[in-house]
Structures are given as structure tokens and as C-alpha cells.
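After this come two complexes, each holding chain A, first together with chain B and then together with chain C.
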Partner chain A sequence: MENVLTIKGLKTYYHAKNRVVPAVDGVDLVLRKGEMLGIVGESGCGKSTVARSVIGLIDRSYTEIAGGCAMFDGQDLLHLPSREMNRIRGSRISMVFQNPLTSLNPVYTIENQISEVLRIHTDLDKAAIHARCIELMEMVGIPDPEARLKDYPHQLSGGMQQRALIAIALACNPEIIIADEPTTALDVTIQAQILQLIRSINKEYGMSMILITHNMGIVAQMCDRVMVMYGGVCVEEGPTERIFDSPMHPYTRGLLKAIPSIASDKEDLFSIPGTVPRFSYPVARCRFADRCPYSNKECSESEPELISFAEDCSVRCFRTIKEGI
Partner chain B sequence: MSRDVLIQVNHLKKYFNVSRGILGHHIEGTVKAVDDVSLSIYRGETIGLIGESGCGKSTLSRVLLGLISPTDGEVIFEGKKMNRKALKEFRTRVQMVFQDPYSSIDPRMCMRRIIEEPLRIHTSLSRSERMDLVLPLIKQLGFDEEDLKKYPHEFSGGQRQRIGIARAFILEPSFIICDEPVSALDVSIQAQILNLFRQLQREKGVTYLFISHDMAVIKHISDRIAVMYLGRIVELASKDELFSDTLHPYTKALIESIPVPDPRIHTSMKPLEGELPSPINPPSGCPFRLRCRHAMDICASSIPELREIKEGHFAACHLFDGRS
Partner chain C sequence: MLKYALKRIIKALITIFFILTLVFFFTRMSGDPTNWILPDDATEEQRIEMRHSLGLDRPLHEQYFEVMTSLFTGNAGRSYNYLRPVSELYAERMGATIRLGLISFSLAALVGVSLGTIAAVKRNSFFDRFTIMISIAGSTLPNFVLGILLVFLFCFVLRLLPSGGASSASSYIMPVIAMAVGPMANIARLTRTSLLDVLRQDYLDSARAKGVSEHVVLIKHALRNALIPVITVIGLQVGTLVGGSVVVETVFSWPGIGSLLINGAKMRDYPIVIYGVMLISVAVTVMNTLVDLSYSFLDPRIRDNA
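What follows is the complex of A and B.
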């Protein structure tokens, strides 16, 4: 399958007062045409920073792209001039954010906000833009689109706001949609509706998508492939079924065992000891070593590489592959 | 589990007026945040309360805690009717753990002051006597004596939540309301905190009302589960019963909506149509009928009451009018 986006060795560092935070520290990622790729991890693992770096939404005053490239249609997104990047962002690659109420502008109507994308990126006339807005509202399942277009964001419910945000992302038929925790702010029954919508967009329009989430249930139900991140690096990658059937990295295993599940009924949950540590540059050790039940001397002295052990499958651990733990 | 009733809630109602105009004189409508809720909570159990945002679960917990007074109905705690006079004594017996570990503890107090504050208010213990109570508790929660001098910003989210838990437990209350205590935490930390709640309950025999919107968390922690929709309890049963023989269509939809963390099991994700109706103008009759697949004529005209359909299994739905 054709790759639409290829990220190699992405490094995004935040410059804090007296230290450098390697938020993303060498991430490789390939997004294939029409697939749904999941990026999963806990808060602070760098999953949102990957997305924001690719789409150019990082504040360069304290953030540095310290290395890598992100190839999209023959261009490196990380080093495009901002004028060029503005042309791609929102039209060929678009993004859906977590909190719909803060992502929408409260003083403009929904129509204004959807048509803004079309005004900037297309040369449609007024009537055509209006027609496209209605079409988009229907695509995302907002009832009575003509009336809803005149509404302001606060007049819509959380689920409807998220649908409107998805409509904005879809406006120019982008090749890639990046959804960053699109349902975290929503209730379960509404979450199910939005996930259904995202899946149908992916399947019906063959749109390539990156779904960023911390919810393993959403990953299992939605994604074709998964990348698990920890401390700014990818620790494991593979097809969803393989990750859930036979997780290799101790962190992935811990994460899967720690979720309370409707199906299982254990007395106590498995929990990963400790907390997510804060890293400073340079990190010359396995980032999970402190919390890992299998870590040894080697793990705290040097950092393991991402090792590929089967097609599409790789893991960043000294011990699981070599010693078969 | 003994069937000794710790809290009896009778026909509890909490209505909020929605007003308009500068002086708020024009009353536009009433939000029935909690509408005729009756519930017995037994000593030593964990009762889970689940529902979507706006269903009234937080308002119910606030009324139980005496933070707001009910419009109608009564709360009987350990045989005594709760009223404003008995509030101070009541609060030594009932405590709360809040959702957000960042805003629920004072950033300008060190950990020692945060945890011993309830003791300073409710007891006349000396500083060293207070420390004798604080120290063993924080050791049990995984802190060192050194940590007592630290301020909240020096702790991670999970550690802060533990400080909130220590503050709730320091007076050895018999009832603790946990309002979404793990929803702001990461999965690996969430598991630690859930285990901690269970461990403390085994050791201290405390009763929990555990509020969450996450069915998997509720199932893990609870003995009995109450499902709320638009201010009313629509189903109440023991955990196993609720999952093996789900009665109310809303509970069914809630369970079906959860994405299962197993790619081989396809969650139907057949979503419930529509959204939570406005609580200002709720539909007539059954509050769920507009989203219900089984809605009948009777649902529009009369509100179904919470009735015992099977032993210990209550549901408020006209589908079971014939059964009891």
C-alpha cells in the first residue's frame, strides 16, 4: 500500500528554564493510504506533540525541531516555509481536537467557521460554499443543517460541536485527518456516535487517519495499526490484533493489564508501579527501566533500539526479544 | 455484608430555578437535577452511581454531603435525620474525594496542613497527637515523613489524589463519597488508586458512594450499581445481576456503547439515537422515551416508578409493568 506520510527520526524538544525536555525523541512513523493508525500512550508521552509537529502547530519560540523529517507528497513538512505549510494545513492535512468548545470560535456562527476553510483554500463562490456547508453538515449527521449553520457554538451540545469540528476538518477533502483525543470530552453514548462517524469517514471516503488516544478500548475497536508511546519514543508498534494478543514490551503489557474491563472480574487490578518520570535531554537509558519488572543493568546504562521482529512489528526492549521474556 | 442501613434517602428532590433578568426575578423554568430519588446504602458496601453528564449524579452527592440542602425529601444517616444543626457532627462521619486533584487541594498549604486540617477543625488534639494520626495513614498511602513538608505542585496527579484520599480518611469517617476520583488520571495510575480504595475499605470498613461515568471502573469497584438518567435512578441492582440480566434499555445502551479493549470482540457501537434532552423541559412521562427503542404509548403519559422487578433488582420502566 502507498504511504501518504512518512516520518523519520522526529525530534521535538521543549526548551524549559534550565533544561531541555525531549517531548518527542526520535519517532518513526508511516501512515498508509486509507488506514487508521492509532497512537496510544499516557499523558506526557509525546503523542500530541508528534501530531502538532507534523502539522506545524508548535510554538517555535520555545520548541525546537531537533531532527528528522516528515515526508508528505514529496515535501518535508518539518522544514516548509510557513506560507507553504498554511496551504497544506486545513486543506490536505487537517486536525480534530479534543475539546470542541475551545476549538470553535464562540463569536462566529458554525457556517462562518466551516466556510472560512473553504474561502481560504478553494475558489468556490458564495452559493457553492453555502451548498458545500450544508453537504458537510449532512455528512457528519447534524440534523436540520440549514438552521444549525446559523447557530453559535454554545447553542450546540458537546456531541454536535464535535460533529461541526469534524465537518470543518472534512471541508476540503483532506488526504489525512489527525484526530487528537476526539471523544475524551464526551459521554459514552455520544462517544459511540462520534466513533461510528469517524469510522465511516475512514471507510467510505478512504481517508487516512491518525487517531491519538489514551483509551485502549477505542484503539481496539477503531485502529488497523497501533504505535505505543512512552517518554517521547515509540516503544512498540504493530497491527492492532497482534498488540492485544501478544504485547511484547513490558509497558504495553502493563497498560493492557491495568485497564478495568467489563468482561473480567478480578479482585485487584494490575498496576504499573511508580509514575511517568520526567526526562531531560540526553536520555541514555531505557525510559521504562525504573518501572519495569524485567529491567537489569543493561537497561539503565544504554537505550535500546527499536527492533523489528516481524513484518510491521517492532519493539524497543533489550530483553523481550533476545531472551524471550 | 451485613444489611445494616447506613444512609436512607427518601424521595429526595433538588430543583434549581433558572432565572432571567438583571435581578433574576423572572423565573424561566426549573431544572429537576435530582427528582424523587430513594435509596438505601448499606454499611460496608460500595455503591456505584453511573450516568452521563447532567444526569444529576454530582448534585445527588452534594445533597448527601450537606453541601446544598434538598428541595424536598430527607436523608437519614445512622438513624438520624440530617439537618443543618447536625451538620458539623455529620461532616466528621462523611467525607468526600473530589475529581480534580489539581483544584481540590490548596496549593499554598503543605501536605501536612492539608491532611491535618480536618483534625484541627473537628478535634481538639494537640499538634503531636495529630501527627500520631497523620503519620501511619500517609505511610499506608505510600508517602514518607519527608513528603509532609512538600507543597502540592511537587507531587504528580496520582500523588495529589492520594493526598485528597488521606484528607478524607483522617477523621475515620464511616461514609466517603468519591466523585469521579480516577477520571483525571492515567490508566496506570488509575489502577493504583482503585486498588488503594479497595485496600482501605478492607481495612477500615468504610462505605463508599462511588460516582463515575466509566462503566468498567464502576463495575470493578462496586457491589451494587445505580444508574441515573435525567435526575432519576432508572435501575439499581447488584453488580453481577446488573450485567447478567440488564433490564432498563438505557443501561443496556450504556453497556453496549463502551469500546471493548479487545479487537476480536466487535462492540456493536450501535449508538443510542439523539442526546440527553434539556433538563429544563424534560419530555413528559419517561425521561428516556425519546431515545428508547421500546417506547410505547404509556411511556409518554406516565413516569415509570422504580420498582423491584426481581429480588434486589429495581428498574423504572414500563416494559416490566406486568412483572414483579
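What follows is the complex of A and C.
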């Protein structure tokens, strides 16, 4: 399958007061045509930063792209002039954000906000833009589109707001849609509907998608392949089935164990002890060592490499590599 | 919406009514106008005669009733000193005040919003710090002090500008600065704060993700939201500006309604004082009502609740 996006060695560093935080520290990623790739990990592990770096939504006043490239259609997105980047954003790569209410501008109607992206990237006339807006509203399953287009964001429910945002992302038939925790702010019942919508868009229109989430359940339901991130690096990568059947990295195992199950009769829910530490550059140790049940001296003295052990499968752990797969 | 507007207008009328009532009683308590109308050596008979001809010897409630009805029917009486209808006197001088007010107001709004916007976008820069400093100085310095300082500097030391009057374009410079600096400082400060808050909002990133260029993000998406609270303050500054005009016109001998009102008050010219206060309070309440109503046009979230 053809690769639509190839990220190599992406490094995005935040410059805090006295130190440099390597939010993303050398991530390789390939997105193939029509696939749904999951990026999973806890808050603060760098998954959103990967997406934001690619699409150029990072605040350059304190964030630095310290290395790497993101090749899309022969161009390196990380070093594209802003004018060129604006031409790609919204038309060929679009994004769906986490919080639908705050992601819509409160003072403009839904129609205004959907049509804006069409006005920028297409030369459709007014009537054609209106017709396209109606069509998009129907595609994302908003009933009575004519009336809803005249509404302001606060007049819609959270689920409808997220559908409107998805309509905006779909408007120009992009090749890639990046969804950054698209259901985190929604009710569980609405979550399922939105996920179904995202899945059907992926299947019907063959759009390549990156789904960023901290929820392993969503990954299992939605994604073809998964990349597990921790501390700004990829710790394990592979097809969803393989990751769920035989997780290699202790962190991945922890995440899987943390999915609550009705079948288990345990009273307490499992959680990985500790929180994601804030790393300072340079990091010369296994980033997960402090929370890992198997860590030893080696883990805190040098950083393991990401080792590929089968097609599409790789893991970053001394122990797994030594003990064999 | 219509009901809300109607409610606001009725409230405004009640406010004006109370202000006029207060001013009526204050003027009657302020002293005998005949001291200023008649020469110092006038006899007591002449004074009684004068009070009678002005209707000031009638019972207070009769006077009050007459003044109020005449104001609301448009006939506001004659000035004791100028011996002409006060509405005429004010009409003649209204133009000068409105010109001065409009110029100062536009300058304050334009410069204030621009300074605040640049300061917010270039946060923590030298320009930002400079703007904060200027706006604190500007909003704490009373306009008459600023006016006197300006006269001292530009008129007596540098001899560049006329000290008063409205004879040429250059005579506008100092009064406009004296009136505009305070409101401008407040507008700049609020624009900065409000915009800094909006610049953190998620919807700006959604706009960027749509491919909207950075200056359109700033103007269409950020400023449109940031200016909602600023518009209120701009509206309320009109009140400050009208009040300020009374003082500034006196400092610069500006031939407007402010100086007429002050002179009227000095000479206990009751009709002038009452009519002047009415004009100013109508202007301020109309402006406040407009600001209130404009809210719902600016912010669709308020439209539904109103």
C-alpha cells in the first residue's frame, strides 16, 4: 500500500524556563492510504504534539522542531513556508479536535464556519457552497441541515457540535484526517455514534486517518495499526490484532490491563503506578524504567533502541529483545 | 428582544427623571440668582420684583411641576442672564462640543484598540510593556491636570499652540488629547487583556487547521470575540467623555455646552443648569442603553437569554 505520510525522526522540543523538554523525541511513523492509524498513550506522552507538529499548529514562541521530516506528496511539512502550509491545511490534511464546544467560534453560525474552509480552498460560488454545506451536514448525520446551518455553536449539543467539526474537516475531501481525542469530551453514548461516523468516513471515502486517543478500547474498535507512545517516543508499534494478542512492551501490557472488563471479578481497577515523568533533554535511559515492574540496572543506564522484529512490528525494550520474541 | 429593548428604554427614562428631580432641588438650594442678575447695590424691592418675574417666589412644588412639564414639552425656559431661550443657547454651542467629543472618542477607540491588539499579539515585548505603562499613566491622570500640563508645555514653554478657543484646527489638538487619553488608556488595557484571553482559545487553532491565514485568524476570529467586552467599555467611556468635556472645555475656553453649563452654574442660572444636565444625562443613558442592546447583536449567546 502507498504511504501518504512518512514521518522520520520527528523531534519537537518545548523550551521551558531553564530546560528543554523533549515532548517528541525521534518519532518515525508511516500512514498508508486508507488506513486508520491509532496513536495511543497517557496524557503528556507527546501524541498530540506529533499531530500538531505535522500540521504546523505549534506555538513557535516556545516550541522548536529540532529535527526530522514529515513527507507528504513530496514536500516536507515541517519546513514548509506558512503560505504553502495554509494551502494544505483544511484542504488536503484536516484535523478534528478534542473539545467540540471550544473548537467552534461562538460568534459565527455553523454555516459560516463550514463554508469558510470551502471559500478558502475552492472557487465554488455562493449557491454551490451552500449546497455543499447541506451535503456535508447530511454526510455527518445532522438532521434538518438547512435549519442547523443557521444555528450558533451553543445551540447544538456536544455530539452535534463534533459532527459539525467533522463536516468542516471533510469539506474539501482531504487525503488525511487527524482526529485528536475526538470523543474524550463527549458522553459515552454519543462517543459510540461519533466513532461509528469516523469509522464509516474512513471506510466509505478511503481517507487515511490518524486517531489519537488514550483509550485502548477505542483503538481495538477502530484502528488497523497502533503506535504506542511513552515519554515522547514510540515504545511499540504493530497491527492492532497483534498488539492486543501479544503485547511486547511492559507499558503496552499495562495499558491493556487497565481496560476495565465485566468478566473479571476483581474489585479494584488496574492502573500503572506513577505518572508520566517530565523529561529533560537529553534522556539517556529507558523512559519507562521508573514505572516498569521488570526494570533493572541496564534500563536506567542507557536507552533501548526501537527494534523491528516482524513486518510492521517493533518494540523498544531491553528485556523483550533479550528474551526473544 | 423587543420586550427587552422596551424595558431598557423605560429604565433609561426613569433614570433621567430622577436625575432632573435631583438637579432641580440642588439648584434651588444653591443660592439666590438675583445676586448675579442684579447689580450689588440693588434694593430689596428690586430683588423681590426680579424673583417674582422669574417665578422663583412661587411654592417649590409648583416650580418643580412647571419645570418638569416644560422640559418634557420641549420649552425649557429662558436664561436669566442671557435672556434668551436656553434651547437656543445650547443649540448654538452643541456643534463645538460634538465635534470635540467625536474626534476625541474616535481617536480614543481607534488608538486604544490598536495599541491593545499589538500589545497582546507581541506579548511581553518592549512594546507591550510600554503600552501597559502608558495606559496606567493615562488612566490615572485626571484630564484637567493633563490639560493644564499641556497648556503649560505647548503654549507657555514651546509657544506652539493657542491656549484656548476654537478658532483654528490647531486649537483642537490640546483639548482632544486631554479628553482622549483617559478613555484611550482604558480601552487599550481592556483590549489587551481580552485579546490575550481569546488568543488561548481552541477555536483559533480550528481556524488555523482550516487553512485560515494568521492575520484573518487575528481579525475575524480573535478580535471579533475579544471586542465584545471592549465595546461596553467604549460605550461607557462616552459618559466619561461627556463629563470630561465640561472640565476640558473650561480649561481650554472651548465654546461648547460644557463651558456654558459651568458658567450657568456659577451664576445660578437655573434653566441653563437643568437643561444642560438633561442633555448630558440623555446622551449618557442613550449610549448606555445602546451598549446594552448591542451586546445581543455582538454575542449570539446572549441573544437567546435576553
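In this section, the second predicted complex is superposed on the first by the 318 of 325 C-alpha atoms of A that agree within 3 Å, B and C clash if a C-alpha of one lies under 4 Å from a C-alpha of the other, contacts with A are read in each partner's own complex, and residues count from 1 in each chain.
Definition applied: contacts are C-beta pairs under 8 Å (C-beta built on N, C-alpha and C of every residue); 3 or more make two chains touch, one makes a residue touch a chain.
If you're wondering where the values come from, they're calculated on a predicted model, not measured in any experiment.
Of the two partner chains placed by superposition, only chain B is touched by A:Pro260; chain C is not.
After overlaying the two complexes on the shared chain, residue contacts for A:Glu64 are found with neither chain B nor chain C. Using the contact criterion defined above for the overlaid structures, shared-chain residue A:Thr240 touches chain B, although it does not reach chain C.
Using the contact criterion defined above for the overlaid structures, shared-chain residue A:Gly217 touches chain B, although it does not reach chain C.
Touch criterion not met for A:Asp290: it reaches neither chain B nor chain C.
More residues of chain A are touched by B (comparison of chain B with chain C).
When both complexes are overlaid on chain A, the residue A:Arg87 reaches chain C alone and has no touch with chain B. Once chain A of one complex is fitted onto chain A of the other, the partner contacts of A:Asp28 are absent, as it touches neither chain B nor chain C. Contacts from chain C toward chain A in the complex involve residues 201-203, 205-214, 221, 224-225, 228, 298-301, 304. Those residues of chain B lying in contact with chain A across their complex are 52-53, 156, 158-159, 186-192, 194-195, 198, 213-217, 219-220, 243, 253-267, 269-272, 275-276. Partner chain B is touched in their complex by these residues of chain A: 42-43, 157, 159-160, 187-193, 195-196, 214-222, 240-241, 244, 254-256, 258-263, 265, 267-273, 275-276.
Of all residues in chain A, only 55-57, 82-83, 86-91, 94-95, 97, 99, 102-107, 116-117, 120-121, 152, 154-155, 165, 168 touch chain C in the complex they form.
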